[in-house]
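Chain IDs A, B, C and D follow the sequence of writing; residue 1 opens each chain.
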């Protein structure tokens, strides 16, 4: 029951039971201009949010969110209560909900993969399901601010980038735009924290299956491959097919992506670092590390930063790029709130977490 | 298909899908006199064991076990193939299977709780289910070798002790038998690794819910309470009601139990340590640490040891006892194999893991 | 080089190389009214703070702090630049620095143990070093807001409470003030994350010595014992000697304290919970959980909250209290900033982290 | 004081304070034909081994080793007491000790890098120290049984392979020997558990710096690079320069190496898997996983196995190879004992751990 003097903009969260939903409540708890007005879940409707998440309790926005009653995802209800909605539901499910909300004048940030691939056929091939909203697909804006900031401001629907793609695209962009590397010999070796596997009860995600271990998974088949290739090809101005591979880390949060490229011409680390620093000069949320420093996932834990380190292996003519993000914050819910900020005319970084939890 | 010269004794494992089942295969892989002849699971029957557990592959017993086909738990089939069976199924389920096997002349080590409590009513109250085998309950031997070694040798059915009770009973025994402490003021504060929660797919056991966190659970209601009280009362020769409480550690294996007692008479740490060393003088699997040393779960990781440290807090007249075990090995499958060794006339420690994996 | 329109209050941090120093920079990064003007370290003086902590980089206060040059701890220099200083140095070292700063009109929040014990002799016995500032010792205010809020507002020197004592005192307070429990039978069993062991290079704190393990340490000798007893005795209005014992958790942050008490009269969990809720009714930073809920360290990760759960074991007449805090935030640097807020006339909770990082 | 009927062969361990030293005691504890007769350490001489490692206590070889008194590393003393010595000392230190022992007729397995590189100049360049034993360098046998088994049997000095090289070489061997891949486009992306960083007290190896984080380190400069290139070039029969890069995992044990290669001709995963299975057909300690399975470090925890999985990315013509080992066992001390077995005429796999600790 907001009072009249509450000028915060009401937003909704469709799908509250996963880690991206939880993370969104964390980000919103610190946001001065947004107010969570609806939280929906088919399975948990009727419960107080605080009964699902006991940590949503206390003074201010925390307790306010905890007091919300979870509702069924009804587009009319959401449209009546919210200016903007975040969709934290599985792909495929998001298609219809997004359409229903946009139709009712609600701005939408979709955290699923449903509107990330511009090519309907590519989506249908990799996700093995039809896309029923081709018009909206054409209209959706890929929500990576370092590339699409201006389009995001005018968007009705933002396709929030995937976690791996965020790290890979930001890592490759300067090298590709500056034409430093060959585009036919790119290997992207990514390692993700286990929140990336979602909050579904599955034996493979149990503590005792994941902890003190490490494995690769989904090799050659990960659905973020076409997403990365789409954006990287646009940056390189030529079709790029690359090797993208994923591993599961026994940590909660964080993606580290090691990118192997072949240099077109001999160049040293300092020079490459200059290219990266220049490209990201005006970008507050990308930190290009000094020569000799390499990123660590803990340095971005809980934040919006993408930290990037570059190293030239002069002996063999390769450029190695390391980029890290927090997969839940920059790689999902934080970036979604950044998108919302832009759509709603708020300052881009407003309310976003910047100080990492170290250790 | 064992060859004729294989003189190992065939044993069966009823219930192969949990962590105690996995651990049993590990212990059996190193056992010179036992051969896994049957592995059963209602849900996985028909599969090769190696398809469930890819690590059961390679030379010798490892590959031999991996090549086994999982079967339905059929008492006749087990009785035809095995001299002894380990039951690694949930409580209640074990009652009928144990009876069917014992009836067919198969020795049984039951890892469930079904035959641990001597009093049928106590069982039925704490486990909220009827006990259908009161005769067998009366006959079953509680499988803690430091107390019941001789009875175990002659048993048809061993009730393998619970993990927490193993640590608590071994920790309290010398103090109680020597009459060092009051029996009406005992607090048992236990902390267990997450394998103790089992291998069921449950959100609460996911890596991201358990790692980097710690919590108490089941306070005042843990079903190991009556089991501990039963054995401790026998040791103290008086009914003991104690405070038993459990916590979940973000580690795979290991239980550390901190026991708080009140001394009857002033005594120093060295004297108490003498009492403990004397009680366990002939016991190879209990290590009483030197004064000034405290046990760590990693020092018993993967082994049969119970390490015990004692400290007298002279300022307040309390004796604090710390005991650690590996909950899967000493606290479950390893102790079960020890029981089998005794029942089958093999040397007590044969094939049991003693060298810890450190780190 | 702050500009003239920067109205934030300049503060100093004496001792920047430990985890409490790092945590203080995190809290200050989100504080609207405080500005880090000095950061000192004998060993690191001359370096940029960002070269020690690469994550202190980026827009706003983060980058501002990273740009600071670490200085030698010179009281005159600090007094010239700062209104208040946080001391994050070892005990004993803090005595002289605190005195020098207070003398120069700088308000001080001391995170060490040097001014926590009111009795000089007790300090000298447990810390095995003389106390050279008895006058200041008498004046210092113990910085637990739930007890000393009003005194803290007027203090020149706040003795920031220890991490374990914060959890133990807040856990015991309502029961003692309401006279629910006997004061001669209290066991405090605490478990702390490894940041509590500090950032000193020591084999015992290596990842491979701590991870996947658990141990007790320092039994009967922990220096937080007299601190807890001092405050608990004041609350109980009678001298209390209790059993306080500590364990090391393989997690970064978090203390969970399990407190065992004996009830004076039969009472159920709901009634005890009422007593706790009433005592903390006006306290935003203590959350008394609903009956049936138990605290978890992750629910307070990175925050100022103390979460408390109570359970009556009616069978044996005991009250068990569980309290959790983040040892670095509520248990150290966050509580220190709260103290600074009060001393400087700022709103008590201003700038303090409330939304936990989950997972 | 071994009795006369003890026919085990006495061996020595030079350098007992690191993780490879600890691991060697674990492997020897289960070895029927070797007896630890000497354990040396400059810093710990005079102490009982059990006072360094409390887990070396109990019945049999465990307690026997714990009872050993650590000595200064004296070649005459070692030669008098041992037939073979394991050197677990840093590189450079091993050179002189190895020479002194070989001279005295003691067989040596050197776990350092001192005798791994055949080319003196390459050693001196990468390790930045002179090699003073060129003769012994020429004679030493690289201790990877899958390549050098026969030479190892006759060796006086075995250079035990590095952990990363073991995983990389075994992963690449079949593809290179079968000529499946181009040799000028190989990327080796390795991730190691933290025992690989050693047991030195260093802030960077503290639990709170490593846990819940992930980073790359030493890029383009890791000293295992020339070791891998040396053996891979021999296998490929052409000089190979490759990209080798390392990352630090928050786990105790385990290396997972992801190898990216470019196929010469189109071929599917099944066909590559056949090549691998054929190459390792007689090798008990390499397990080539079925198509569709990928290795996990936990499946080899504590064992001698190298598990390998292969995947062809037909879309882009690449072969991806994943190999995992336990860096302490197969990657160091276990492989060293295998070398000792061969040198001493014992069965190759005698006493080696095969059953993994899962979980």
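We take it that a contact is a pair of C-beta atoms (placed from the backbone, for glycine too) under 8 Å apart; a residue touches a chain by one contact, two chains touch by 3 or more.
Quantities reported herein were computed from a predicted structural model and do not represent experimental measurements.
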Most distant chain from chain A, judged by the mean position of its C-alpha atoms = B
Task = Could you see whether B-D or C-D has the larger number of C-beta contact pairs?
result = B-D
Rounded Å distance, chain B centre to chain C centre (Cα mean) = 40
Remark   = Between chain B and chain D, the Cα-mean centres are separated in Å by 35
Message = Report the inter-centroid distance (CA atoms only) between chain C and chain D in whole Å.
response = 45
Ask   = Where in chain A do residues touch two or more other chains at once?
value = 19, 195, 208-209, 211-212, 250-253, 301, 359
Remark   = Within the complex, chain D is touched by chain A residues 185, 187, 189, 191, 208-209, 211-217, 219-220, 241-243, 245, 247, 249-254, 256, 258, 260, 294-298, 301, 309, 311-316, 318, 320, 322, 324, 359
Residues of chain B defined as touching chain D within the complex = 19, 22, 25-26, 29-30, 53-55, 57-60, 62, 195, 211-212, 252-253, 284-285, 287, 289, 293, 299-302, 305, 307, 349, 354-359
Message = Give the list of chain D residues in touch with chain C in this complex.
response = 19, 194-195, 199, 201-203, 205-212, 250-252
